[in-house]
Every structure is written in C-alpha cells, then in structure tokens.
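Read through the structure below, which is laid out as structure tokens, and then see the notes.
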Amino acid sequence: MSRFFMNERETLVEQALEGLVEAHGGLVDVRTDPLFVTRRVPTTGKVALVSGGGSGHEPLHTGFVGQGMLDAAVPGDVFASPTALQVRAAIQAADTGEGTVMVVKNYTGDVLNFSIAAELLSETHRVEQVLVDDDLATQKEDEGGPGRRGTAAVVAVEKICGAAAEAGAPLDEVRELGRQVVARSATLGVSFEACTNPMTGRRSFDLEPGEMEFGVGIHGERGIETRSTTGAAELVESLVTPLVESVGLRRGDSVLAIVNGLGATHGLELGVAARETRRVLDGRGIGVARSLVGPYVTSLDMKGLSITLTALTDDLVKFWDAPVRTPALVW
Amino acid sequence: MTGDGNAADLTGAEAKAWLLAFAERVIADADELTELDRKAGDGDFGWNISSALKRGREGLAGIEGEHPAQVFQTVSDAFLASGGTSGPLFGLWFGRLGSGPFAPWDVPELGAAFGRATGAVRRLGKAEVGHKTMVDAMAPATDALTETSTGVWRDAVADAARAARAGADSTGGMIAHRGRASYLGERAQDVLDPGAVAVAWFFECAEGA
Amino acid sequence: MSRFFMNERETLVEQALEGLVEAHGGLVDVRTDPLFVTRRVPTTGKVALVSGGGSGHEPLHTGFVGQGMLDAAVPGDVFASPTALQVRAAIQAADTGEGTVMVVKNYTGDVLNFSIAAELLSETHRVEQVLVDDDLATQKEDEGGPGRRGTAAVVAVEKICGAAAEAGAPLDEVRELGRQVVARSATLGVSFEACTNPMTGRRSFDLEPGEMEFGVGIHGERGIETRSTTGAAELVESLVTPLVESVGLRRGDSVLAIVNGLGATHGLELGVAARETRRVLDGRGIGVARSLVGPYVTSLDMKGLSITLTALTDDLVKFWDAPVRTPALVW
Amino acid sequence: MTGDGNAADLTGAEAKAWLLAFAERVIADADELTELDRKAGDGDFGWNISSALKRGREGLAGIEGEHPAQVFQTVSDAFLASGGTSGPLFGLWFGRLGSGPFAPWDVPELGAAFGRATGAVRRLGKAEVGHKTMVDAMAPATDALTETSTGVWRDAVADAARAARAGADSTGGMIAHRGRASYLGERAQDVLDPGAVAVAWFFECAEGA
C-alpha cells in the first residue's frame, strides 16, 4: 500500500496543478488537454522560455513559471516525459513571435519529445534548445552514450535565461546564455534513503544502516557507489571537490552554489550543507557569491541532497539577481 | 476508389481508409508486437501503439478527410500524445506527412512527403538502417516510393510494402544500436524489431483500403 | 545509526543557521551567545515582533524573520524550547522602544521561557504575548490542563502581526490582532509516517501498511487515533469538517487556508490537498480567499500534512496581503 | 565577614561566598537530586541544576561581587541559559533577586527581594504551597525572612533555612500538582521534591559562607 497522499494515480499531476493555481493563482494558470502551465498573464514582445519534464521533481518546473523565469512549463506523469503534443501546445501558447528557447534536461524521452515538438513547429516558429547535462555522476568517456543527466543546474539556466528574455535579449542570446550556464555548471548528489514509488510504497533501492548512495540522480536510480555515511563536513568535501575540478574553478573565482534538497531532507540539514559548502570553497579561495538553498529539484521523498556549482561572470550575476516572481522563487 | 481526383492520386478519403485499416490491424494484433517488445525491450510497444491508434481512430471519425495531409496530421496528434519512444517518433513521421500538399497526392508528392518524414525520424532518432529500429522498415519503403516508375499510388505503396517487409525481416539477426533493445546486445539478436514490423503492417494495409 | 545529515548534534542548530545566513544574508543575521536570528538591518520606530521555539520545524520561525514579519526568532535545540536567556537577549536586540509582541506556541517549556524572559524585562521593556493554541486535536474539556498545542496557525499570526507592526500599529493593537487570528483559527494534522529521531534514526511511532495517524502535532507524538488510509478527497473532508465547526464558519464566510507539509510530504501531495480543501469548502459555500501551500511548519521528516483555517476579515486580508520579505515567505 | 558595610547587612562578597558554597554543595551531591527526579520525574534535575551552577561559578569568578544584586544576577543568567523546567524558574528567582538594591542589603531589603522573587516563581509556575514543587521550600523561607525580628542577615537566613528544610520535608507525602511528578500521581507520593530540596540546600549554604 502506498502512503502517498492523492486520489487516483491518473489524476495526480493535474490535481496537483490545480492546487498550484489555488496557491499561486496570481502568478500561474493551468491549461488542460493537453496539460501545461503558463503565466497568469502572458508576456508579449520577448523570447518565450519553455521547459518541462517528468513530474515528481516539484517545484521544478511548474513552480518556476512567472515573471523573470519561465513562460510555460510542461509536466509529464511522475518520472515520465511530457508528450510532444503537450510541448508543442505550450510553445504555441508561449511564443508571441520572438521565438522560443526550450530548456531540456538530458533524458532520452525529454530530448525526443521536445525536439519533435520543435521539429513539428519548424515551419512556423523559431525554436532553440538548451540541453542541460550537469550531473557529473553520469560522466562517461564514450561518445555514443546518452551523455550526462540534467539535474539542479536547470534552475540556474531557467533563472538566468528567464531574466535575459525578460530584459529583451534576442533568441540567440538567450540560448547562448543558457548554454554558457550549462558549460559552467556541474552537480553531484548523494542519497541517505531512496524515494518510494507512489503506487507500491516500495523504496527504489535499499541501503543498510551506515550506508549512503553517492552520485544519485533524480529518478530514484542508484548512484555510482554505495559508501559509508560520514559527517557533513567530509561529505560536502567529497561532493564539492570533483565539482571544482570539473568546472575548472581556480582561486579567486566566484560561484553560485545550489544546495538542493532531494525531497525529504530537512531545512536544518540543508542549512548545514550550505555552511559546509561555503567552508570548503573558502578553503580553496573560491568565493560563494550567491547561494540557493532548498528543495528545488526533488526526487519524490528521497532523503539526500545535491550540490551544484556554477562559475559566475558579471553578466550571469546580473541576470541571477534580476527580479523573479514565480511560485517557488521570488526576489 | 472513392475520391474525386485522378484515380492514380492518393485522396483524403483513401488515406483515411488506409489509416483506419492500419489501426484495425494493430489493435487486433497488438499482442504480437508486445511480445516482440517483451523479448527485446520493456513490453509496452503493443499498448503504446494501439492506444495511440485508438485515439487516432476517434480523431479520424471526426474529420472529413479532405486531403491526405489532414488525415496524417490527425493521426500524428494521436501519436504525439503518447508515451514511449515510438509515440513521438511515429507522431513526427505522420506529422511531417501532415505538412504535405492540401490536395490529392500524386506519386512524386507521396514519395517526397515520405522522404521528409523518414528523414526527420532518422535525424531525431539518430537512427540509421542497420540500427534495428522502425527506420529499418521506413527507409527502404521510402526509397521504393521515391524510386518507383509507376504513376499509380496503390502500385507505388505496394512496392513500398514489399520493401518495408524485407526491411523488418532484416532486423532479425541485427544487434540493436538504438532504443531499449540496445541494452540487451546479442541476447535480443534473433528478435524482430516491433517498430519495424509495425511500419511494414502500415504499408501493407493500403492494399485493402 | 542516523541518516540525518549533520556534523555533531551539539552544533546542528547553530551550523544550520549559518547556512540560513549563507542563503539569505541580505535578509537575516545570526547572533550567537546566546543564539538568535535578527533582521539584517534592524527596523526602528515600530513594535518588535519576536517568536521562537524548538528547532526541527524549519522554516518556522527563523525563516520568517524579515521585513513585514518577525524582527527576531529564537531557536531552541531540536524539539526543545529556547532558553529564557536567548529570548531575553532577542527581545533586547529587537525592541527599539515601541514594545515587543512575543508570539508563543502553547507548549509548557516555550510558555515558561518566554514568560520568564518577559518578566525579567518588565521594568525596562513593554512585552506582550500572543499565545497560539490552534490544534484541535488537543482540545480538552478540563480547565487545568495545558490547553491546545500551537501549530501552523502561528504562520498566520506572525504574518498578520508582522504586517501590522510594519504599518506602525501600536503594541496593544498588534497583540490584539494576533489574539484575534488565534481565536479565528483551527488546525488538524495527519501523518502517514512518523518522523525519525536525528540521533537514533528510529521513527517516533510505527504505522502498519494502510494506517495513518490522525490528529498529530509537530513533535512526532502520536495523534488522537490511528485510522485506515483513504483517498485525498475523503481525508481532507475529515480534516476540514471539524475545523469549519470549531471556527464556526458559515456559508458566505471566507478563509485563509494553510495547507502545510510536515516535512517529507511532496509538493504534488500538497497540491492535491490544496485542491481538495478548496473543493470541500466550496461545497459548503465557504470561500478560500487566500491559501498558503507548502512545508512551513515541519516536524523533521514526518510524512503528513496539516490544514489550518483562519476566518478572515477585511483587516486580516489587508495585513496578509501586505509585502513580506523573509527567507521563507516573500511577496 | 568580608564586606564593607554594616556587618548585619548582606554584602556582595558575602553573597558571592554564599552562592559559591551552594554551587559546591549541589555539584558534589547532584546524584542525590537526580535520584529524586528519577523517581518522580525524568531524572535530569541533578544534571540541569549542577550544569547551571557550574556556569554560575564561572560567571562569579569573573565579577567583583560589588553588591548582592550583581551576584544574584550572574547566577540568574547561568540558570536562564539552562533547559528543563527548573532552569528558567531558578533563573527567574535569582533574576528577581538581581534587581534588588545595588548596595549591601539589610534584612528588610533581603526579605523584600525574596518576596518579589518567590512571588514571580509562584506566578509564572502557577505553583502554590502544597503543589510539591520548589515553591514548597521557597514560600516558607521567604515568609521567615519577611517576618523575622532579627536585624542580622545571617540569623534571618538561618531562620529561612529551617523553614525551607521543613517545607522540603513536607513534600514527602504530597501528591504533585505541577511538573512531571504530577503525571505519576500517588506513585511518587513518598518522594521528596528535588527542587524543594535544592532550595533548602541553598538557604543552608549561607551558614559557612
């Protein structure tokens, strides 16, 4: 039996979105048939920013629709890509003539459905794609593979591209900014307890007491290694060190740090993680110029967290700091 | 047969009858496709494609079938609303067909439409002939349509059906390079690719329509 | 072994607060020895609003410090009252001469320590108290008992009193507004899985598959009854019905609904709960004029949620809508 | 003994010596108090009060002891930083004493200060004599101080100590109405209240100081 609070599985995502509108009706609106979320008041005369993916990661992406961030978000079923039809409809609704940038996390289904939607609109719409593949745990040497997964860096991409679009940047510039954020970002996650399947109530993997799963993604899959649990200081060190190398950070650089809860991680734990992240980076002479701490890209009720570092430039800081007004992010 | 244009051209009504026949065939024999996907994938292909075609059949019931483009577009939408890998790829294929001329299609137009459609699937699926996917049936069928010397659409599609069937058969013995079957390597070598088989059925269904 | 992410238990709360400042340094500041959180830039010439209580409920209270809400928050150890010394120091720091309203959840330790702090300052400071006791599950007939627990209605109290104080309302008025909110509010919670003790990793109670605990509070204690799980619609009905009665809501009334996650409850689940809350109230002719949906008053990693209804007046709506700028609430 | 005022008045130095003696006594015999709280509560009283008084001792080491108020205030802060129920209540008690005159205290001032302090504890703890709490020792001791006819502080406090001891002893046989012991009802009836015992120790410690 499931302990997941819902009515039927079939209506879960749509009913949850009705709740989103209940809570944030001033910011967002939900369209059905096909299902997607738009801004309450569509904005014209700017590049449209559209994203989406499987559900179960809330507030991603639907919580990031609003002024200064997404124009539309397209939710699939839990851990399943939205359909190309949904994506196409969302682009048609959001694009007011300045073109659309799609922010897509690198999963086969998402890439396929977003690309096909764009392809089908190619004669009427200018659609560009930013592929987010920040997860170091899935770094492989082979060229033919699916490449790295997309995880929490997508929040930075959506925030920064959203601000640029809002500021009137043209299509190519918004896309290039997004690609720049991706190129400057890396993420690693760790899990202390797997998430439970909403239908069966079973955990997606088991850990013995004293074990944690290193290098997890956001779909309940196992990571790259099962390790012994350690204190926060040591664990954050082991997450941050490969990120620093991968992004190529050097003394004097400054970063955005996203300390992301995977679902059931408590605010106290994320606070400690944020503190340790700063401490580790301080020790390497790298400045944490901005940080975002909270459950922004979740994996149902997984216990764990991910850390994302994005190397900043003055431009990126400017767009990060620009006002945003969405259900999950406001400043 | 029905159709107001030249009998050699594919009319909307004929296209609609063709697609309805395809839907019937797939819905009747879905288990056969599922069984192939069970052996070489995750066993949902029959369900994916038949639920798409059930939606497609409903869509077709609601349109006149003015020209083939309208018919293919309707079926495309049904596939695009589907999950799995095959749903969006078939949705794209039919969607590209759906951007063909808004009038009966002569054979060169038919070939050109399928050329664009199959090209899009190859590009988006990153699949070539020999990768053991639907493209192994789509590509030779498309070649047959574009290279045919007949001016009668039924004859051209019959050529395409033979080519698609041969292509589908050739997937038995292939090691998959795309889709879930690629995870199985040699273990699924003997199994026909269900996507390719479905494409063969598609071309074959023009005959009775 | 614990799966709780931290360094040592002794430093947990303080390190988590360093993380809060890391993430929201523009809004809040942390003072140590004794430990409390203040606004980054103290505001003068207004009534000070101070709250606090045990930790483990984050973002409550520390996440509600900032413009339009609290001036200071005083965190105890996990599920333990802060000391009177902390409270006294926080009041001394926050009170700039216009007096202080303390918002206190009704638990013996909290009441004692806050009251004593106020008592000790009675010759130099004007300190008033708003006691929050919204939890219907602990309603008892006997007069001598500790009374109802304080839970999620505290967010409404802090928001509304905060706005009034910011608008320049005098001490008595801020206190009366807070008491009015309490008198007009009621809460009920349900748990699908108990929270785990950060040290032992043990759940505070066990539920069989298919069971849920009705009427829980926010400290992992059992509720009033173990019931069979139901779908969301039925469960929300069973939570909302007693609230409507207790608050005395009638057709045509309008409410603030707080749909609060207790820690490990997913955004999808809270969305469904918000939708069902609106549906049940609609059916009774009661309007949901405002809703707040999210994990605002947590109980570590408890799976479950609470629903709070506050009967609104025009005044309360005005203060609820007033701008707020805190780590956990911004509009 | 030490002290610059009238030998009959309580000086800061004397108050400091008194409190240090109390701290020593409690720290040495904490287990005795813990044992009582184990029988009638949650067994942490000895630890709560002795850790507060260790902090208090450190605080006292850092001050001159200019007047009793400063001494009591210092000890108050140490208790206010403590958990449990007794920590804040003792913190309040000493805190109220700490707002007495900033000079040596004569006996009436001493009585008045304890009157305010005990009154505050009764009010905040909602505890009356007979409820089996620290108030059962505080109240009679305070009465003894305010009603005494002596003008010498040591004599007055000796009276108070006798009254406090009698009060503490009276808690054996009481059914608790406040604090954790109240959950146990008759089962803890025979146990002395540890808070009251600690108050008796407090007054008794003035003698050697």
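Every chain is named by a letter (A, B, C and D) in the order it is written, and numbering of its residues begins at 1.
The rule we apply is simple: a contact is a pair of C-beta atoms (placed from the backbone, for glycine too) under 8 Å apart; a residue touches a chain by one contact, two chains touch by 3 or more.
This structure is a prediction, so every number in the text was calculated from the model and none was measured.
**Student:** Identify the chains adjacent to both chain B and chain D in the sense defined at the top.
**Tutor:** none
**Student:** What is the chain whose Cα centroid lies farthest from the Cα centroid of chain C?
**Tutor:** Centre of mass proxy via C-alpha means gives B as farthest from chain C.
**Student:** I'd like to verify one number: the distance from the centre of chain A to the centre of chain C, where each centre is the average of its C-alpha atoms, in whole angstrom.
**Tutor:** Result: the chain centres lie 29 Å from each other.
**Student:** Between chain B and chain C, tell me the centre distance in angstrom, where each centre is the average of that chain's C-alpha atoms.
**Tutor:** Roughly 59 Å, centre to centre.
**Student:** I'd like to verify one number: the distance from the centre of chain A to the centre of chain B, where each centre is the average of its C-alpha atoms, in whole angstrom.
**Tutor:** Chain A and chain B have C-alpha centres separated by 35 Å.
**Student:** Multi-chain contacts only, two chains or more: what residues does chain C have there?
**Tutor:** Residue numbers touching two or more other chains: none in chain C.
**Student:** On chain B, where are the residues touching two or more other chains?
**Tutor:** Residues of chain B touching two or more partner chains: there are none.
**Student:** Determine the shape of the graph in which chains are vertices and touching pairs are edges (line, ring, star, complete, other).
**Tutor:** Chain contacts: open path, no cycle.
**Student:** What are all the touching pairs of chains?
**Tutor:** So, checking each combination of chains, I get A-B, A-C, C-D as the touching pairs.
**Student:** Given the complex with chain D, which residues does chain C contribute to the contact?
**Tutor:** The contact residues of chain C facing chain D are 34, 77, 80-81, 83-86, 88, 108-109, 112-113, 115-117, 119-120, 123.
**Student:** Flag every residue of chain C that touches chain A in the complex, lowest number first.
**Tutor:** 1, 3-8, 12-13, 15-20, 22-23, 55-56, 58-59, 63, 78, 192-193, 201, 209-210, 212, 229, 231-233, 235, 259, 263-278, 288, 291-294, 298, 300-301, 303, 305, 330-331
**Student:** Help me check something: in the complex, which residues belonging to chain D touch chain C?
**Tutor:** Against chain C, the touching part of chain D is residues 76-77, 80-83, 85, 87-89, 91-92, 95-96, 99, 120, 124-125.
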